[in-house]
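Shared between the two complexes below is subunit A, which pairs with subunit B and subunit C, respectively.
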Partner chain A sequence: MIRYDCFEWLAPQMKDELVVTSLSGQRVEWGHLSHRDADLTLGSMGNALAVGMGLAIALPHRKVFVFESDGSLLLSLFNLPTLANLNPPNLAVFVFDNQKYSGTRISWPTATAGKTDLAAIAKGAGVEHSVLIREFEEFKREATGALKESGLRFVVCKIEESLVHRKIVRSNVDLLETKYKFVRYLERTEGKPIFAGRG
Partner chain B sequence: MKEEKAKLIVQGMKEAGVDFAVGVPDAQFIEVYKMLERSESGIRYVGAANEAEAAGICMGAWAGGKKPALVIATSGLLVATYHIARINLLHEIPLLILIPYRGDLGDPRWLGMYQKTTEPALKAMDVPYRVVRRSEDVVRTIKECHESARAWLRSAAVLFTEEALW
Partner chain C sequence: MEAALAEKIVGSLKAAGVNLITFVPETRLSEMLPLIEKDEFFKLVPVSSEAEGVSIAAGAALGGKVCAAYMEGPGIWVSSYNIVTVGVRYGVPMLLIVGYVGSMADKRNTFLYVEYGIKMVAQLESMGIEYQILRDGDGLETKIADAVRMMNALKKPVALLFTGEFTI
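Our next item is the complex of A and B:
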């Protein structure tokens, strides 16, 4: 399974779902395929899941997707017990596990290249719907479920290391622009002010 | 800490408009956490496993329209530095950070390490802060720091010394 294929299939199906991505290849690929104001492409490892939890709790009527990587999740395993106990029914977490720290320049095995099973860790933390998948058809099934059904979903997608993201011309959108675009979108769609303003 | 001092912290949060708090409990602020957990506080409290995670949850909640406060210990500030630095310096998110200040004069236990780390860490992350030493300044300072954070789109912290809490 290739992450870019998963995103290419999923991006056109997104409507008003909110998406939070962690750093590196998936941020580049999702940003390349999806150009929605509802995407918060964080440039940060170990932060996306917590931010997604905060969004899901603050906006329980909105569906929130979080795209994590194995490296990012390994940096923030402390999120999993909190995720399990909060159990937000409007949150779907997809961890794209290529078993590598695979950014723009490096390729180095993570713990999941060894004995570590992130789906089992999440299960042990108390996340009931925690699954490990390897096939594209399984991804489509889980993603469709996440789009259509309620309930916390934690899906570890075992993917091949792909270097597609290194061939994509990087977006010139600044992190602050991403924040403004995303939060202004929420102000519009939720009908409430969020920025207090600097005026 | 004295219960009436904890009431001042929660009163300050409520008067500031805070409606969401995330934290990891500690002995200095335990009465504050107990009050936040009660539904009558009017503040949704989320307990996190780690202060870094707590900062991230606050960021998401703010983007979703909440007015969050990060309620953490001085040790927890060190745990959360990577996340707060990114949230404040790169994303410019207005988090109100409330910290019982261990290690300052008046602390009955020797926790001088935090006297050495807390304010320099906040300065390094460009988080403006106020140190509250008198209980009569608690409510006003929380309100002012929260208002400034929201207006400036920057995080701001309030440190409460033993003198203010006991």
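Our next item is the complex of A and C:
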């Protein structure tokens, strides 16, 4: 399974779902395929799941997708017990596990290349719907379920290392611009101010 | 902390509009937690690490909540990466409610806390975090309202360091 293929299939199906991505190639690939104000490309390791949880709590009527990587999630494993206990029914987490720190340019193996099973860790933390998938058809099934059904979903997608993102021209939209686009989109669609204060 | 002071903090947070609080329980201000928990105005979010407390608060703030991350002083070090990454760099307002253990006015200061206390201000200043040190309940509602106004103006985290009477 290739992450880019998953994103290419999923991006056109997104409507008003909110998406939070971590760092790594997925930020570049999703940003290349999806051009929605509802995308929050965080650009940091170890934060996407927590930020996604915060969004899901704040906006329980909105579906939130989080795209994590193995390296990023390994940096923030303490998120998993919190995720399980909060159990936000409007949150779907997809961990694209290529078993590498691809961003290092030397593809240093992560712990999941060894004995570590992130889906089992999440299960042990108390996340009921925690699954590990390896096939594109399974991804389509899980993603369709996430789009159409309620309930916390944690899906570890074992993918091949792909360097598609290195061939994509990087966006010049910086983090603050991304944040403002996202917040203004929420203000429009939620019909309420988010950032207080006027000049 | 005396019960009346805990009530004053919680009332001041509510008056300032803070409506979501992440926390790792600590030793100095903990009496306010049951009060927050039983008030439906607040969404109280228990977390496993101050690091995720900051990031969850950031996500909720982007979703329209007025957020605080409550922690003991050492939590500032635990969450410094998150404060800088999603708070400062991304520009997200939130209140950092900090039990200022190990500070000069900490009534329970011991060797367990002092190294955090004496380095706290330098740590916050290194991250560019505005802060106020609160030693008693005088003008508390105004000081908390000021901090919330500051965080919204800056669109960054602002810290309130509670010591003195709050640490009894």
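To be clear about the criterion, the second predicted complex is superposed on the first by the 195 of 199 C-alpha atoms of A that agree within 3 Å, B and C clash if a C-alpha of one lies under 4 Å from a C-alpha of the other, contacts with A are read in each partner's own complex, and residues count from 1 in each chain.
Quick note on the criterion: a residue touches a chain if its C-beta (ideal position, glycine included) is under 8 Å from a C-beta of that chain, and two chains touch if they have at least 3 such contacts.
Not measured: the values here are computed from a predicted model.
With subunit A as the common reference, subunit B cannot sit beside subunit C without a clash. Of the two partner chains placed by the overlay, neither subunit B nor subunit C lies in contact with A:173.
In the superposition on chain A, no contact is made by A:111 with either subunit B or subunit C.
Of the two partner chains placed around the shared chain by superposition, neither subunit B nor subunit C is touched by A:120.
In the superposed model, A:163 makes contact with neither subunit B nor subunit C. In the superposed model, A:192 lies in contact with both subunit B and subunit C. Residues 20, 40, 42, 44, 46-47, 50-59, 76, 78-79, 81-82, 86, 175-176, 179, 182-183, 186, 190, 192, 194-197 of subunit A contact both subunit B in one complex and subunit C in the other. Residues of subunit C that touch subunit A in their complex: 20, 43, 45-49, 51-52, 55-67, 81-82, 85-86, 89-93, 149, 152-153, 155. Put simply, subunit A touches subunit C in their complex at residues 20, 40, 42, 44, 46-47, 50-59, 76, 78-79, 81-82, 85-86, 175-176, 179, 182-183, 186, 190, 192, 194-197. In the complex of the two chains, the subunit B residues touching subunit A come out as 20, 22, 44, 46-50, 52-66, 68, 82-83, 86-87, 90-94, 150-153.
Those residues of subunit A that touch subunit B in the complex are listed here as 20, 40, 42-44, 46-47, 49-59, 62, 76, 78-79, 81-82, 86, 175-176, 179, 182-183, 186, 190, 192, 194-198.
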